[in-house]
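Below you will find the structure I want to go over with you.
Chain IDs A, B, C and D follow the sequence of writing; residue 1 opens each chain.
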């Protein structure tokens, strides 16, 4: 189905002073979670919300004069990386509407798998929608619940959660309050912090957003928890959580910033340990370990450490290149690759190279990297991957939508090795991965590497018995 | 209350070829009806609508590459001049939503006076709104009616009209069709045309939009009429019209382009005749007649013709100045005035000047003009105004919102003359105005000069017995 | 030859306060003299000059924050309409360089006909040039003369004038002083004014730039005069002037703003009188006189006045259209014409129309206008032109560069009438034109309508005996 | 004095096809050498040069449509980081002029120390200058020499070099040819390459620009060498070189990209060896080695390798932050620091940290880093610096202009340690540095760490006897 699914980052801040610049800095620290659009909603003292959003990086959307336009001490923010559907400003978040009981604005990270069904139901009642995003469905539904509950936000959110199936970490403006909400499986990250100097409270997708504001990390939002955040504290209410959480392992492997602590684990440390596990599981006689920058850097350092091989920055990333330059001609396509990633010939030449990256999705990038290394004179190229083969789609917030885009869905490891042209190829095992992350396997969502999902998805298998709701959803 | 009220221009085109550039040219010819924002919605062959809108002039919002993005042979467009509320892109039109029966998009010229009441009613049902405009209320309500009527657009629009009170000329996308709709009083203009070479059909606020596309003027949309427009023709359905129409006289005095024909009258001709009436009603011994460019030009030519006085362009407008330049300092404020309007000293000096303009609202502009003429050496300055004194607000689409902003609401003519500092001041009479326009008085809305409105407005008098609906509306 | 020739407007202001915003307003009032680029040079108290220039209208190049960057109480400005060569920012003016004796910056209106020869001479000495404009030649040569004269600006300018042949009205920064300079024939306009409240002195291409600053018109700069302008007064030095001036008649016909007084004549009055002369020389039995807006408006009012025919605005100009919109398709080209100029059918239909414009250059525009009027139902179309046939190129500052672009260079009047498709065609006579402007024929440059030029141009005839320098120049 | 001194990157390409996109990609790979402005000059088949330049990154100045405007198979490019003077577009390069013998355009990396004297000499002859840069002096002087030599470019360049004193790596368009020129000391880098598929030849500041175009590295341009580059090969002419070269050591320490090979040495390898030397010279009992990203990364890996301590990325750089955000308030200044560099608390806490960076200039940055590490709980912080103390200014192309900005010019190491607040502080020795770079000390410029310069600078000591010209120059 064609609804919008995104990687995203969210934030909420309740402060004792104007909050827009805090939201700006927080979002900027979450920029790695989405570079396509950015938005902020603030709630002024008079109860009026104001939303500014636009396409591009946080600092493009929010020059200082725009930040200054946003008045109020409560607010939420969002960065988005669309993985499907239209890259248009209408789909930027927060999604913000006026209800009978004031403003309702949502910033959302995750995928609501039954959004299409909910949408059809609402349309059948005569409702109409501006975007094709699950966030608008959730926002309008919340406004309805709020009205049904006479303006009681806590009950309205609880009712909303009763209807949603999927992954969601929300930050919300509801009437005059701020909320942070996490789905019953805790699939996407969300944590709470306290601003310095008793300045207020906040929530964000990752702890780095707390760090940049000098805020103290308090704890993660629990699966199924609703947290009301005020400038003086926070108040939590637990709704039924799943028997076992289903934290996305891919946050640790790639998506989170490596200096973020998520559900108790430092991402960098998890990555280093995965690299060490990989070295033990798939050793190889070689001369140097080369990370694919920046995604394979932490994994590679673990591999080097455990293998005793020297770590060398044999692939150099151009720090000033953030996109592919559209110039006609085959030559220019080649140049684009080399502009982003330059193999350091004097380091590579004649060497047996272990190249380490976080994952292989389609295999085209890794094929080019192997080619670059061979052109630079590598004697051998051994590829080591810090995640198990991605064999199945993600329906819960990562950009692996279709099996036919996943090389490992249709090819065995040896076939992939041939495709990418390396001398050897190895992936970390699921067991090694789980142990490195240091969390029970039953607490993780491993859907994309096992084909078993925590939530019922039409046409897919459900993980063990851990399903909270099992009505089939069409996607 | 704070709902958005605007001057606007609307258009709809159904063509046998791609329609976006026709909408662009049509809107550009309606640019005088609104310079704040512009928008176009087109309906592609696959039933998908696409809306692009933005702040600024039509050509700023629609560079050629944007026009090229808009696919489809059916579409509507809008230009807006906000007269209250927020100048933000969210309030730009068309307002476009997806319903169970496809897209519903509205472009609206007018003021729906019971929009606040309708809005409260919908919110009480749990609905939520993105903008603070009456157009969103109408759009969402239409989507609801469409669903209630199982997708029958004609019935849905009829039902919608049954709930709306106020002035409206709509162009609409409803599902796969295009509509043009005018309120039961025909307050704002709307006419139908046929594209050249059997290329399709169209509707627009003014006939100049037909002219630019080489289209043939067919007729005005009748008060209370719903017209479905297709590439092969049009189909009209009459809903109950008011016993007497209430065409806004101010379209003839100022708002329409002088080369537009509205409800059968050429605006320029009406203006010239008003000027002639004014010369007869308020003659004065003088040397020259000077128009205030460009708004008083046609009136002044009539005045000159009837009085036998020579017409002289004694106030020169700078064609390259479209806004006030914000530079600090009193000097620069003065310069702004002179930059826009330069008195031609050699023409003015020693002369008894009759200066003619369309209307006086607050009186500040006219006071400056009299001052400029005196500084340039005018021996006498006689002010002649081509509308009666504007004593009452407009609730139906013109930017006279508050009595305290209308100098004639609180001052007699002689007081106003003193305020503006002229030697004499005269307004055309209501009788003279009506005769010049050439339409029965009972067919016009003269609310702002009589205080009697065709529609019930809380706290205001209703015109004669001609009220269609008489429930009081809060505004 | 390929050197750059432009229409332009120039200004210089010496004030007792910061001068940038005065230059801004002055340039904005001269915007009609050039819309392609704009520039300002100011001289700060420390002797440092700063130049900002760019492509586009004055207000696009100079948003308030840019104006605020320009410090100093002395400055010059320029607007440019390039008529040949490259529309690139390098060619924007003022042209500003640092010499041994401080900054030298020039803003130039006119054409230096021997610039190519001077350029070759300087290049032969090892000099190099950034632009292909005559202004850079003049600027560098002035810097050289300044050095040769030990920093004496007056002598340097005098020496410069000794080498230049052609038309030039300059405003200049030289070291710490400001100058206004006019060529020995006074071909392009230039006048001096006094700022209000003893605030300083200024010079500008037209008196409208004085008006906008509230400045008092003092006098025109005399042909061959160098005027040093200070905040306390001005000091003039006369260099050898031509025996007879050669004021460009086309300033009166078209180029100057009609509210400007140039060499003692109000342009609007000259235009009206030309129209009256035309009515006497070429009367016609007709119903209405229709101006081509805005260029024919003043002429048409004179024609109407003298002929007794009513003046009607039968061609309506869209005030919001400043350029041709590039949309593919023949339809869209047609729409562009009608977007700019809409014939008012109800005024035209069945009428014998006299349409009046300032001039015919290529004839394509007038052919379209005649066609528009016929399509609108005109019974007859009589074209009256307020200048004599333009049979010869202009080498001195107007955009008539090549004989093959001038329809009257190669066709008789009757042939042109057939080309444009009118019922009759008449031009004002040279005698009628001269008398209307009210200046001796010997004081005017009539090169483009007589083929006799005040300055020796290779391959062209020289006017009477009035040549100052007669060495042939290659162009 | 105030002449402009810059870090820069230069490139020249002569190809058998359109060259603009090659210049674009080459410049983008040199972006680290200058982010303030970018420019390209291409030479079309008709001998006309076209220059486009602007403020900002290469991809901001050159969107695809701008690249497409640049026609020709020969061209040069420049990126600039201004270290003094005005950040204005006039000072962007290439500097391009038209001479008697065609176009002369220069892109320059280095500092011409006698430029002020040359400038004064030329001004005294009546010459004038648009910029305040040494590049314009060189460009105009070259145009003069070209004329003096009857258009012989090789002789003109040789003559130019005879007058210049200082550091310069030039790429040039001279008439119809392309040149690469390096000063007699070879202070700034410059190398030659061959395009793939016999596609042409090129020169660039660093070998990474060859890599991105798939070009083969041929050799560095020798000190004092003039290389004419054509699409079919290159032709070199040696002018008198200094007895000993003076390659800037700081290119190896910081300025060059670490994957560049400069005068035979891979920058990354030099950096790693400097780190190893530092570990041997200044060992410390500690737990982890932490690089300051990205400048200290290679050095730190060498330090870790030699010391046996684990390397940890304990300071995380935000990849999306390229500038400081100007938001008012002390809080926001703090946030700016943490936004750019986040200490990874779980890695740092309780650890004895060795933090490694390339250099200390003013000491403020390092003080903040030490503070961040202590706030994150570091038990000890030991600072190790991969260059000797910078005690003296650079006059030859690096941004160390004034002694009073150099903390090591005025403080002993122990004083600096106190200033930055670390537990220990050590710099690599000059001997250790020289050995790590692997080049004779006599072949390097060590001016900023020894106070002895290869070129006579007024008020400074000259290195050994290796002076080529010893007339004192005023700077």
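Everything below uses one rule, namely that a contact is a pair of C-beta atoms (placed from the backbone, for glycine too) under 8 Å apart; a residue touches a chain by one contact, two chains touch by 3 or more.
Everything numeric in this text was worked out from a predicted model, so none of it was measured.
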Each chain counted as touching chain A and chain B at once:
none
What are the chains that chain C and chain D both touch?
none
Chain A and chain D share one sequence, so how far apart are they rotationally when you fit their Cα atoms? Give it in degrees, rounded to a multiple of 5.
180
Which one of the chains is farthest from chain D, going by Cα centres?
B
Measuring from the mean C-alpha position of chain B to the mean C-alpha position of chain C, what distance in angstrom results?
38
Distance in whole angstrom between the CA centres of chain A and chain C is 62
Shared-interface residues of chain A (touching two or more other chains) are none
Among line, ring, star, complete and other, the chain touch graph is ring
How about chain A: which of its residues touch chain B in the complex?
96-100, 104, 120, 123-130, 132, 139-140, 143-148
List of chain C residues in touch with chain B within their complex:
21-22, 24-25, 28-29, 31-32, 35, 57-59, 64, 67, 208, 211-214, 257-259, 261, 266, 268-269, 294, 297-298, 301, 305, 310-311, 313, 316, 318-321, 323, 325-327, 329, 331-332, 334-336, 338-339, 342, 344-347
